[in-house]
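The following pair of complexes shares a single chain, chain A, combined with chain B in the former and chain C in the latter.
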Partner chain A sequence: MLKYTIKKILSMIPMILIITFIIYGLLELTPGDPISYLMDPESLARLSDAQIEEMREAYGLNGPFVVRYFNWLFRLLQGDFGYSISSGVPVIDIIKTGLPATLELAVASLIISTILGSILGVVSAIYKGTIGDNVLTVFGMIGVSIPQFFFGIVAILVFALNLEWLPVGGRTDPSVTGFFDRLEYIVLPSLVMGLSMTAGVMRYARSSMLDTMNKEYIKTARSKGLAEWRVNLLHGFRVSLTPVVVLIGFRLPTLVAGSVVIETVFQWPGIGNAFSTAVRAQNYNLVMMLALIFVVMTLFASTLVDIVTAAIDPRVKLEN
Partner chain B sequence: MATKASIRRMNNKFDKIRQQEEAGLLKNKKQGNRTLRKLLKNQLAVTGAIIFLIILLACIFAPILTPYSPKAVDMGNILSGPTKEHWLGTDKIGRDVFSRILYGGRMSIAIGFGSALGCALIGIILGCYAGYKGGIIDSIFVRISEVFMSIPRLILVMMLAAIMGQSAGNIVLIFVLSGWGSSFRMVRSKVLSIREEEYVQSLEVFGLSTPIICYKHILPNALSPTIVNVTLSTAMFILDEAALSFLGLGVPLEVPTWGNILNAAQDLFTLQNNWWLWLPTGIVVSLFVMSINFIGDGIRDTADPTQI
Partner chain C sequence: MKNKETVISVKNLKTFFYSDGRCNPAVNGVSFDVKSGKTLCVVGESGCGKSVTASSIMQLLPNNARIEEGEIVYKTGDSRGDIHIEKLDRNGKEMRSLRGKDIAMIFQDPMTALNPVYTVGWQIEEMIRNHENVTKEEARKRTLKLLADMGIPDHEKRIDQYPHEFSGGMRQRAMIAMAMSCNPKVLIADEPTTALDVTIQAQIFELMEELKEKHNTAILMITHDMGVVSEMADEVAVMYMGNIIESGTAKEVLGSPKHPYTEALLRSIPILGRGKGQDLNPIRGVTPDPFDRPSGCQFEPRCDYATKECSNRMPDEVNLGKTHMVRCIKYQEVSKNE
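The block that comes next holds the complex of A and B.
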């Protein structure tokens, strides 16, 4: 297990190197002088042309591509992500304020979709072929077909504008207000994001539960005379849960895409919202840095999912 | 479990079938494509196909169905609700919403289908060759596709959109760049299993060239999952285009696409007061994507021999 974990973690390193290399290459392709986002804009404005040239030398911008890349990577490792050219704020500050908001929303919607999706999936697998199962299947299909943002704006219209139960969007400052004041802001975006991911989880949980229910040990459990709910829940559900953990891994890209779209729709001040604003403003350095954060986070999360899956799957343990 | 009654019922049933067979009645039934028959039995797939055809034909025959051009500005008639002249009202600069939905559909469907086809084409060409050849070429392409697939698609798409600029052509290019990996993987894994079959080995013994074995003899047997993939990725790309354009990052706003029409709903006032600007479009997009998903699922179920 430990060997597997170390191997998995080590295998991320070449991947991160390749991805940072690509992102730096793309960044070099964008128009604009790199010095404009590498330095604090205020001090940059005070410099003369000769001094700027000196700074350029100091940042290693006159060297060949590979040297420039490693300089840049080295600064990244020290937490220097450069500056946003539109606001002059260091990118690291934007990430520091945005990331907690993004994670809050992502975790909330992951919890909602996992609980709802696996319960509905298991229920529709147990009652396979009944009207309820068919209705759930069709609903699941509708769920994956409605554009996320459309679902979001309809939710805003109904619950925020017409019924006025919940705020239209935004997020209060977490340090100032209490839990319940903050709750009303997260309810709508996390429900929209969670529900739109539920369909996928449900379909997966259903087929994996069906798979499990055909296994020999389920028949054994049933023939022992165990109560039906015990067979379904303790023997079936527990094992079919393994792929549901894998499904968290599958949902990561959706989660990232969702955080960009939903955060923009609900004006949620996370890095997804910052990302779409930066793309629109062609604020290239910020775009690339936030993309890098998203990619690295996805990579870490999927590695973690791999490790957790290996840890809870009894068949992996047997191999050791 | 089988009781005597049920056995008797089964026996009767088989007797009947045998009688019909002897009388030559079953022959007509057995003709026709078995897969097609199975597909037609799938109610969801048939419903999907009907919705799909209605929307597709309406978009293709847009000039017949609506007299208005989707770009014709009518300042004397702005933001009017649905009337007899304008079935779904007009937008902020007096353009007919119904005709914008139809013409927008042409663009959105073309982008979605074009991108899906592009991905499949690249996936087939590379996947078939890499899967058959193996070795270093194979591992290079697998590595590249891994890198592409490890970047969340929407992030990659938006990154490329920021660099390449906005146009319908660029969007297709970006979608193909970001999506070819999965079809490549699919074709490759199928080819990997086919290449071990005896007929391939005998072709090799006959001394046929690699491209001929690859694309003429292996490819046809590896195509079926790709067809399902094309339908499902068309749906996915239509959704992506809508989301991108809704965020203002997709096709330039003056070109009508479903996403661009929905872009109007970003304004909360429009959202609350001018439902005809966004609600019908949203419903059409959802219906269309849903119909494709139903068809794709139907094809997958029928093509899978393990499913009854």
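The block that comes next holds the complex of A and C.
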């Protein structure tokens, strides 16, 4: 298991190299002089043309593409992501403040959708063909087809504006307020995001569970005289869990896209929100750096899914 | 001398399937006795209702199937007396306490019959602890002994391995170990060796034979292979389209078949030593659509002896001697060919 984990983690390195290479290529294709976002804009403004040329040399911008790429990558590794051209703030600071907020929302909605989705999926598989199952299936279909922003706006209208149960949006600073004061802010966005993902998880968990329950070893389990709950949970659910975990891995990009939409709708100060602002302001360096963060996060998460899958399914390790 | 009395007595069992409002009488009135220390082989072509018969005894039928008529009596031989299995709630406590403990089952494909995410040992211990009030350590000790008894080498290591780490034959041995773990009175084996190759098949049969002798277990063996029957059976029941059309001791049924179908089945198997040139006669025609059955004798459309009378109704049971039974009006003609 340890060997497998290390192997999985090491295999991310070439992936990250390829991704950064592409991102850097795209960054160079965007309009504007690279020095304008590589350097602090304030000091840049004070420099003469000759000094700027010197800085270019210092940043290695006059060398060939590969050299420029590695210079950039090296600065990335030191935490230098350049600057946001619209605010002049270092990108790393934007990431530092936004990432915890984004992760908080992502993890909350992932937990909601995973738990709710698997439970509902398994229940509707066990009670296949009953009214309850049909109702859940219809809800699932509706859930998959409603766009997240629409769902979000309706939720705001109902729960924040009409009922005034919860705030419209925003998030309070974790260093200032306690956990429970902050809770009311995350309820709505995480529920909207979580529920909109639940439908997919549910449909998948249901078909995975149905598939498992038709297996011969379920009949074996029954032939042992086990109680139904043991057959369903320990033998059925436990096996159908693997594909559900894999599915959650596949849905991580949706989570990223979702965070852009939901954070914008709810004014949640995460990197998804920063991303949509940056796109509108044509703040290319910031857009690219945030995109890089999203991609790397997805890569990390899918590696984690691989490791978890191997941990819960003994057959996986052999195949690798 | 061990007693060879009846443990399970099935009488006029009818199990029907319902789908799209149509009814498939998959098992249409079968009767047989399973006796301790004896192997009863139920043999017949694919789809004739063998597995459904076994599932009926275990009450492991799918939801679209129902026991319509007849009785399945399990004679416990203890204070519980005779239990009418067909009257028990399918997944009720009573039925579950019989399953695995009194009547255990092994399946055709050991590859898929064991749960892939648990170790073999865990699955056997689960069975023991489900029926008996023993500690984890106790269950593990018994599992180790069972694995050793079933001839699994290296059992100390094997007990903590997953099914995919076992070969097919070893897996079936593990299945048998699980089935035997609570000393069942009856072992139902649904084509236990169809998925295995011939040498492994012989070893598994040997093991089952040994267990039968040692524990006086009653074995209900389901197969479509006449070769298996001749090797294993003490008693034989030949099934066709949901009916037992001939039954008796192995000697009676294999030695002097009275039903045209039995005769044809025996003719269709190769005989070892006769070589390539031998005359194999597959049974002509195909099995009828189970939803659209012949009106009279089910075998009539494919039968060489059929007359007009045969299409009127399914022939009654004719008893020839104490144990031999046949359902054919022309059985006397069949015997003449011997």
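Observations, loosely collected:
In this section, the second predicted complex is superposed on the first by the 313 of 320 C-alpha atoms of A that agree within 3 Å, B and C clash if a C-alpha of one lies under 4 Å from a C-alpha of the other, contacts with A are read in each partner's own complex, and residues count from 1 in each chain.
Convention: a residue touches a chain if its C-beta (ideal position, glycine included) is under 8 Å from a C-beta of that chain, and two chains touch if they have at least 3 such contacts.
Predicted model, so just to flag it, every value in this text is computed and none were measured.
In the superposed model, more residues of chain A are touched by B than by the other of chain B and chain C.
When both complexes are overlaid on chain A, the residue A:Thr298 reaches chain B alone and has no touch with chain C.
Touch criterion met: A:Ala227 reaches chain C, while chain B stays clear of it.
Of the two partner chains, chain B is the only one touched by A:Val154; chain C is not.
By the touch criterion defined above, A:Ser11 reaches neither chain B nor chain C. Touch criterion met: A:His235 reaches chain C, while chain B stays clear of it.
When the two complexes are overlaid on their common chain A, residue A:Asn62 makes contact with neither chain B nor chain C. The intersection of chain A residues touching chain B with those touching chain C, taken from the two complexes, is empty.
Chain B contributes residues 44, 146-147, 150-156, 158-159, 161-163, 235, 239, 242-243, 246-249, 262, 265-266, 268, 271-272, 278, 282, 285-287, 289-290, 293-294, 297 to its touches with chain A in the complex.
Across the interface of their complex, chain C is touched by residues 215-217, 219-228, 235, 238-239, 242, 312-315, 318 of chain A. Contacts from chain A toward chain B in the complex involve residues 15, 18-19, 22, 26, 29-30, 138, 141-142, 144-150, 153-154, 156-157, 161-162, 168, 252-253, 256-257, 260-261, 264, 275-276, 278-280, 282, 284, 287-288, 291, 294-295, 298-299, 302.
Touching chain A in their complex are the following residues of chain C: 58, 60, 91, 95-101, 104-105, 107, 109, 112-117, 126-127, 130-131, 162, 164, 175, 178.
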